[in-house]
Every structure is written in C-alpha cells, then in structure tokens.
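First up is the structure itself, then whatever we jot down about it.
Chain naming follows the written order as A, B, C and D, and within any one chain the residues start at number 1.
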Amino acid sequence: MTAAVDCAVNLGGIALRNPVLTASGTFGYGNEFAPFFDLERIGGIVAKSLTLEPRAGNLPPRIAETPAGMLNAIGLENVGVDAFVAEKLPLLPAGLPVVASVFETEIERYAEVCKRLAGVPRISGLEINASCPHVKSGGIEFGQRPELLARLVREVRRTTPMPLLVKLSPNVTDIREMARVCEGEGADGISLINTLQALDVDLATRRPVLRNGLGGLSGPAIRPVALRMVWQASQAVKIPICGIGGILSGEDAVKFLVCGATAVQVGTANYLNPMAAVEVAEGIERYAAEQGFGRVADLVGTLRPFPSGR
Amino acid sequence: MSAAPRATAIRVDAEVRANVDEGGANRRLRLGVPDWPGSAPGQFAMLSPGPLGAAERFDPLLPRPMAVYRARPEAGGAELEILYKVSGRGTRLLAGTQAGEKVRVVGPLGVGFPLPEAGQRALLVGGGTGIASLYELAAAARSRGPVVVLLGARAAGDLMGREDFVALGIELRIATEDGSEGWSGRVTELLEHALAEPGADGDLVYACGPTPMMRRAAEVAVALGRRCIVSLENRMACGFGVCLGCAVPRPEGGFALVCRDGPVLDAAAVRWEETP
Amino acid sequence: MTAAVDCAVNLGGIALRNPVLTASGTFGYGNEFAPFFDLERIGGIVAKSLTLEPRAGNLPPRIAETPAGMLNAIGLENVGVDAFVAEKLPLLPAGLPVVASVFETEIERYAEVCKRLAGVPRISGLEINASCPHVKSGGIEFGQRPELLARLVREVRRTTPMPLLVKLSPNVTDIREMARVCEGEGADGISLINTLQALDVDLATRRPVLRNGLGGLSGPAIRPVALRMVWQASQAVKIPICGIGGILSGEDAVKFLVCGATAVQVGTANYLNPMAAVEVAEGIERYAAEQGFGRVADLVGTLRPFPSGR
Amino acid sequence: MSAAPRATAIRVDAEVRANVDEGGANRRLRLGVPDWPGSAPGQFAMLSPGPLGAAERFDPLLPRPMAVYRARPEAGGAELEILYKVSGRGTRLLAGTQAGEKVRVVGPLGVGFPLPEAGQRALLVGGGTGIASLYELAAAARSRGPVVVLLGARAAGDLMGREDFVALGIELRIATEDGSEGWSGRVTELLEHALAEPGADGDLVYACGPTPMMRRAAEVAVALGRRCIVSLENRMACGFGVCLGCAVPRPEGGFALVCRDGPVLDAAAVRWEETP
C-alpha cells in the first residue's frame, strides 16, 4: 500500500528521496548511525556545523534535561572544515545527500568556510547557521538583526552557486521579516527553527545547570513554537522551508509539511532513539498513503483554516 | 576495542524480568534482551527513563546510562543485569517498572576496561553507582592475577552487589564512613593501605564512583607511580558520540567523549578540576 | 523549622505575605478556588485580564495539549472592568491582595480601564498585559515594539499612582530592551513571561487544533525560556520582576527567585492541581529553611556564575 | 444545584482498586476516594492522565474529564466507578494503571441532570463515552416515572455498561450500525420511533454522546415539541470554570462553560453548528 507513495521532494535544489534530513549537531558526522540503520533510507543529513579551524567547545556540564526537552551549550566544537572534507565525508555512503552546516563569528570567516566547501562534489548543499553570536555586535546573533543577516547571506551567496539554506534563529520578534531577508538575498531555502535560548538552575548549587550559563532548548517542548514559525515563514516567502523542532514521529513531521515545510530535520529524537530519522520517514509515507496522497510533496502547505465566525 | 563494540550497538525494546529492591536505594533490574551482541567489562547501555508504557510520554525525555553489570548469553540474545541506585526521576521511574513491561535499550556502548598483565595484581576501587561497572572486570581480571576489590559507602547497607563480589572468590575490602562495616573512613584510604603493602609496586588501579573518589584514587596511585584507570559517570544524552554532551577536558587541551572514548579512561587523561 | 522563615516580599509597592501570586487568566476571579484552600495563604492573585466592555472571546476549540504544555486562544473573554469591580471583587477575602490585569486593543482604552480601577480600595495594583495585538498596527503586540510599549506605559502611568506592573510578551528578540522601556516610563515592576506564540495541527482534519489558529504556549515546557528572560531582565533593570512560566512546584518557583524574580505567578499548574499555588508557597518556604535562608527575599538574585575557564 | 456541588469539590489522590477490560476499548476503573462529598447524576471529575507514578511526569499534562459512572458511599468516603473508552494517550495511560496505584481526582464538578416530573417518561439516548453519564440518571429517574434507555454503538461489543442498565430493570433499546444487535442503524432513529409511540407527547429526552448524535437527538425532540437535555463532552483543562477552555456558544450570543454551567445543558441553549 505505501509502495504507491512518491516521497521525493526538492529542497531548494537539493533532491531528496524523502523529506527527512537529520538536524545539524544531533547526528554527528553521520557514520555514528551506520550500526542502527542504512543511512540511504533517509533523505539526507545536515552535518555538525563547521568552522574554519577546529574548535574545542565549552567546558562541562554541556547538557541538561528539561520538561519534554533538553538544554545544550556545546559551544563551537567541530573538527573544522578541512578535516570534515578530508576525513568525515568519505565515510558516508555515496547515495546519501549531505548538507554542510557552517557557522562562524564573523561574516568573512563564514564566507571562507563556504568557499572551501563550494567545490566539493560529495556536498549537496550548504546550511548557514545564523544562530551564532556575532562577536563584533557583542554577542547578538546574526539571525537576530535583519541588516546583519542580510550582509551574511549576501556574502555567502557570492561564494557559491550550490543550494544555499539559511538556518534562522527563533529568538526574534518577527520570523517573517528574517525569512524575507533571506529570500531577498538569494537564499534557496530556509531551515527553522534552531534552539530557543533558555536557562535552568541547579538548586543544590544555585548555579546554572550548564557551565555556559545560557543554553539552547530543543525537543518536543518547542514543537508548537517551531510549527508556528514555519507556518508564518511559509506565508511570507516563496522559497522552500525545512521544518525543525521536536520531531519524534512521522505524525510530528507531517504537521510541519502541512504548515508549509517542504522537508524536515530530526534532531534531539536521534538521542532517544537512534532509529528515529528512518522511522519518521516511514511514518510520513504511512500517513500520506492512509490519507490518499500519492505524493508526499502534495501534503506541503495543506493547512486548512477554520471558517471565520463569531 | 574502541570501534568494534560501537559498530555492533543495537536498539531494542527489552522485557523486564525482575526489578528487585536490594536495600539502600539499590535495585537490581533483570532484562531479557533479544539479539544482544555481547559486551566487554566496563561497557554500558542507554536505558529509557522508565517503562515504555501504554502510550508515549516525553517527560523525562532522555535515556539514562547504566553499566552492564552482568550479561548472561541465552538463546537469541542475553539476560542483562543492571544494578542501579534510585537517585532522581529517571531511576525512580525505573524503580516503578513492573516485570513484563518493556524498557528501551541501546548498547553495548563505549570502551571497556583493559585487563591487567598476566600476574599483575588488580585493585578495583568502587563507590556509589560506580560499583556496578566493576563486577565484570573483577570476574575477568581473576584469570590474569590476584584481584582485590575495595568498596566504599556511607553505610554498609548502601553497598551495591556485595554478595556477588564475595561469590567471585576474590578478596573484598570494605570501607564505610559511619564505620558500620570494615574500615571506618574513605575507600581511598584503603587504597593507600593496599598500595603500601609489600609487593604492591606492580599493582594496577581501577576506580569507578563519584568524581571526588576517582580523583583521589588517581592522586594516590599516581603519587606512588602506579597507573590508575577510571570509568566516568557523566550526564549523557545519546551515549554513542553524537551530542557531544559528555565531554571531559583533556590535560593537553580538547575533550574526550566519555561515551565514545570512555567511559573507561586513564586517570592521567582527565583534567579533574574541570570534570563535574 | 519552617516557622523561622520570613516569606514576605514587596513587589513594586505591593506588600505580599509570600511571593506566590496566581497568573492572570488561570485563576478565574479567585473565588473558584475557595473550595480548595484558604486564599489568604497565598501572596495574592492577578485576576483575569479586563477590558472596558465585557467580551465574549473566541469560538471553540480554545485549548489543546502539547508536550509538557498546553495551547490556548481564549480571546478577550472577561466580564468587563465595571462588573469585575461591582460583582467579583466583593467575593474575595479582605486579606488577599488583588492585582487587576488590564488589556485592550488601543492605548486610550487601556488608559480608560486603568482610570476605572485607579480609585478602587480593594485593588493592590495593576498589571498591564502588553501581549495584546494592537489593532492599528495590524495585530503586532504592544509588547513587541519598544516605541508602542513606551507610549502604552506612559499613558497608563499617568492614570494612577498605584503600583503598576507591566506584563511583557516573550515573543521578542531582546527582552532587556522591553524591560528598560518599562522602567524608563515609570513602571513599578515587570511580569514575565506571557505565553509563547505557537501552533499545533490536528492531523485528522489538517486544521489548527485551535479555532483561532495561533495560540499561546504555557506550562512546564516553557519554563527554561521564562527563566532565561527573567534572568536577562533582572540584569537590565532595577525594578522588581515577577517570574512566570511553567511553575508547578516550590523548587520551580525558587529557580525564578534565584534568577532575580522578587515574586512569582502560578498559571497552568492551577488546572492540573487546584492547590498548586499554596503548595508552591509551602515549597519555597521549605527550601529557604533547608538552605538556611531566614528571609525568602534573600534568595532573590542569588544565581552564582560558574568560574570562567577553558 | 449549580453552585452547591462546586462548593464542595475536593482534590484527592484516590487508590485504584480495579481497572478491568470490558471489551470494545471499554474499561471499568474502581477508585477508593477518601472524603468524597457525594455527587449528583451527570456530575463529573477530573482524573490525572494515568497513574501518579513513582516520580512526577509532565507529559501528558492535563487531567481528563470523566463522568462519575456510579458512586457507592463507604466509611470515610466513596468508591467511584469510572467507565471509559481507550481513545488516546491519557486513556491509554489510565488503561495501564495497576490496582494499588494512585490517580488524582478533582470533583465532584459541574451541574447534573434535572429529574423528570412525577409520572413523566424519560428517554435517555446514549452513545460512545456518553453512556457513562447516563447510568446514575437512569437509576434516579425510575422513582419519577417510566425510563427507557436507548443506546447506540457501531457494534454490540462497543456498548458500555449494558448489563448495569439491564440490572436497573428499566427498558433498554439498542441500535447498532452494523446490525449486530437490536435496531440496525442509528440510535436517534430509535428515538424517533419512541417519540412516535402513543402517549409519548409528554416525554422528556436526555442525550449524551458524540456531538452529531446529541445534535440530531435535539432536532428530533424539538421538531416534536419535546424538551431535550444534553450532557456535553468538550475538551477541558481545569474542569471548574477557570481556564475558559470548554466554552460552547449560546444561541443568544456569549458562551456557556461546559464544566461550570454544564456539562448538562438544555439542547436549546447550545449553538450546535459552532460546537466541536
């Protein structure tokens, strides 16, 4: 029965066999999941965000649990762009689309990382993580200031013709404004949401639970906020949207498609269940089949408004 | 040894066969785990925080790391024993789990203990929940040379699995802070005594327990020029190297991932002052 | 043992026997809880937000459940300011501090409601709900635009000398900026957070779960975001802060105090447990006693930073 | 009647005495409820979505409204029976609740059913979970006049508590959509037949079940100039009038709160086209 469903989608020029990617920072460099399932059964992966040089990240504690969610402040830890290309990429199956995520503390450095990734044949697209504090603006995130975001997208867009996604920060007053900026500067798609800035306290010590103080909230707790932002963004721009936030099941993912996302990313769920991503993909296909959709792509943006009435 | 076990890690819903109170907040969980690929001493598994239940619940969210206390191969898999202390929400919910209910298991994970050289005496220092990581090591080390297990607790009743260690026929020394059994004081003091014994110069020290205990054990051993191998118990989200949540700083800079590079690490490879 | 603890706090001129208030819209007009506990055992209540005329509110469905949270879009439903003063206030015990919450769609109307409440002796203070869409600015919330918020606070401040709290919207890029605006315009305190704007979908119908489409997310799921904003605001202003968001227990409440809140409000918890507010008050007192604090007020702002280090 | 029961509502952790599968996704929960102040036919309680458990869990978050199917006063309180259908997460978790575990109860809540005039025949139309709201009414109405209970379901096996109604010695008529028992069709068709019977002109109609069923029952009754009283089953967060989540629009404008003004309402007081 599910055999009848065509699950393929195109995310801003990235052709995916199904709409399920894995979220940056939650899937390592991919090969860690090889023991659990055949990676080619999901749409693709977004690798851990890369910086120009290798980074060590924050001192522990780096993670904590919250109601239906978790907090993290890993820091910029990653192997660096060159080691990623040289050592990590070759470990991944040839048939698996790989999106390279980029973050940095200055626009020039973002652009440099993108340049180094631009030519690489194994990379299907770039995702610019705009939730990173801009050092020069005193820690404000690139994704929190339209003018800063515009400059960032403009500069990275210059470096490459390959599919370019911009991952937005949810810690903003109006996500639509940020989405329009990305579209205006030539991004091919938008990924949202990144984690919500949050804090929790250890009452035994009256210290933050994380060494870094503030952290990012993820998991099912934030899903309703993510759905709202994906829906708002989909109303504001024409470029495709990749929905992220608290997806644990196929049903969760379908909600994002219905709200206007062309594809989704599975994040925190990978920790609780290393087979989450492939099970989400199966769940989407099942829902489409049950509801009589021949193509998963036809589910995108099918949210029906209520009749207005008083 | 580091890669192989991870390569064979599985995710399976295991059936709870028994979940018994052993006093002092200690409980013993017996799990029937289909397809268990086997594990080495010191490896661990991630367990769902409580039973899977009649419907999904997303709070608490994260699985909990637990040492494979003991694994008995059986047809089609293995029976795993988990010895755990009820310390918070996840372990309280595990404590409420009934025989017949399911618990999700991801494992085996991490790098286990290196065994002593032939003829080398092994001193295993355990405290708190850390004792559970030492049983399989004690059993395996017997084939290499003399094994002395030093266990510490606040009171005798808090000790985990003590009878099992006795049954191994190895030498067991106990320290309690309230003096209710054995040496009245800290287990690391017992370690100092053991290392002062004649012929102890070749001893290999293993430690697993609260961070201050492991740190002290390492100081004691290293001061006498002995190697100390520890098994860390950090908070974890994934258990297989992808969340980077379990990092501990290395003296030379950078971090080790407790779940992937450990939990077993050489005490000299840890920056203790920055380890929670 | 707990007898030794002094629980009294002063919230911008409102003297409270303990730091626990109930959040607007989650405690009705108060008397609904009389069967469950003696209302004078909590610090006070913030009544359902009032408008100039009675309002009917939204069509159902108005509520839905989310992971560790709930969504609501009740609309402006309330009995109106005059009926509140005439019919609801007299039902409350004399010893219970009552804060009247005000929301409207235009600044002039806010001011008018405040005028009508200004003289009323049974009212200990006002809370301005700034999370209300400003009709003239096309649905943007008052609390989402600094200049709009400034004008609102200025106008209502003119109407009365009584203690004036401003309840901020969490749907902003920088809560510190909004907090400074309130302080600058003479507010006596800040309440935060209100609900996070969110959305969920019913997959059987592919409609929003709420008739209104978007709704407000509340409950334990949002607590880490609320703690972050309370901490940020407490760093930015000197006026007292009333912490709100996912408080179910005394421990939860203490986290807000530690992050700089002078008092707290219990909201969604009242639904799951009609005795939540009084149990939270008891829990705070217990924690203070166990940790050797003679005065609950001494817990405020005791968050200890980690030693910085790499 | 409206104020009194609310004035005495309590919050108490009740002990589960039994939780029995009765087929067709139906289960019967028996709760020992200390200090239960008593309740009137049609009143309900809010139950925690599943057992309180060994540790707090905040997902699912909200309590679930359930009719007091039957209440037996006993020393120090009462035994409440709840008849429920396993339909989603909360009821699935309730279904997994073991005897001896605790469930949080807030109640009695809402306004119950007005009884028929002396001699007046009562027609009770029930479907789905709504049947559970009608048992105490059927029992009480017997003292006023003849009682006919009309129950509808997809199949005979889906009917709740049918034997209990039989045991009341009242007249029971059943409709099943698959024809597996009684009238093959909808229960509202049985209502039409009953109201067409000689001497039915004075009948009082009660209905509780899926909204379309109650709406149809009301149409049938009102078309024949009979009064129809319904008991609504809306989503609820609090159950005692403070969240305003359960509002249903009134024909004259404004809203009724199902938990406070209802759940029992005159069908004429509901704007059915805007009621979920």
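By our rule, a residue touches a chain if its C-beta (ideal position, glycine included) is under 8 Å from a C-beta of that chain, and two chains touch if they have at least 3 such contacts.
Keep in mind that this is a model prediction, so the values were computed, not measured.
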| item | value |
| --- | --- |
| Any chain that touches chain D and chain A | B, C |
| Chain C-chain D separation of Cα centroids, rounded to whole Å | 35 |
| Geometric centre distance via CA averages, chain C-chain B, whole Å | 46 |
| Centre-to-centre distance between chain D and chain B (centres being mean Cα positions), rounded to whole Å | 53 |
| Shared interface positions of chain D, touching two or more other chains | 56, 58-60, 274 |
| Residue list for chain C, restricted to those that touch at least two other chains | 56, 59, 66-69, 219-221, 309 |
| Pairwise touch network: line, ring, star, complete, or other | complete |
| Footprint of chain C on chain D - complex, ascending | 6-11, 48, 56, 58-63, 104, 106, 234-249, 253-255, 274-276 |
| Interfacial residue positions of chain C with respect to chain B in the complex | 67-68, 220, 309 |
| Residue ranges of chain B touching chain D (in the complex, touch as defined) | 50, 53-60, 88-90, 92-93, 95-96, 98 |
| Footprint of chain D on chain C - complex, ascending | 25-28, 32-36, 56-57, 59-70, 72, 74, 77, 219-221, 248, 268, 270-275 |
| Complex interface listing, chain A residues touching chain C | 56, 59, 66-69, 71, 144, 171-174, 196-201, 203, 205-208, 211, 213-215, 217, 219-225, 227-228, 231, 246, 251, 254-255, 258-259, 287, 302-306, 309-310 |
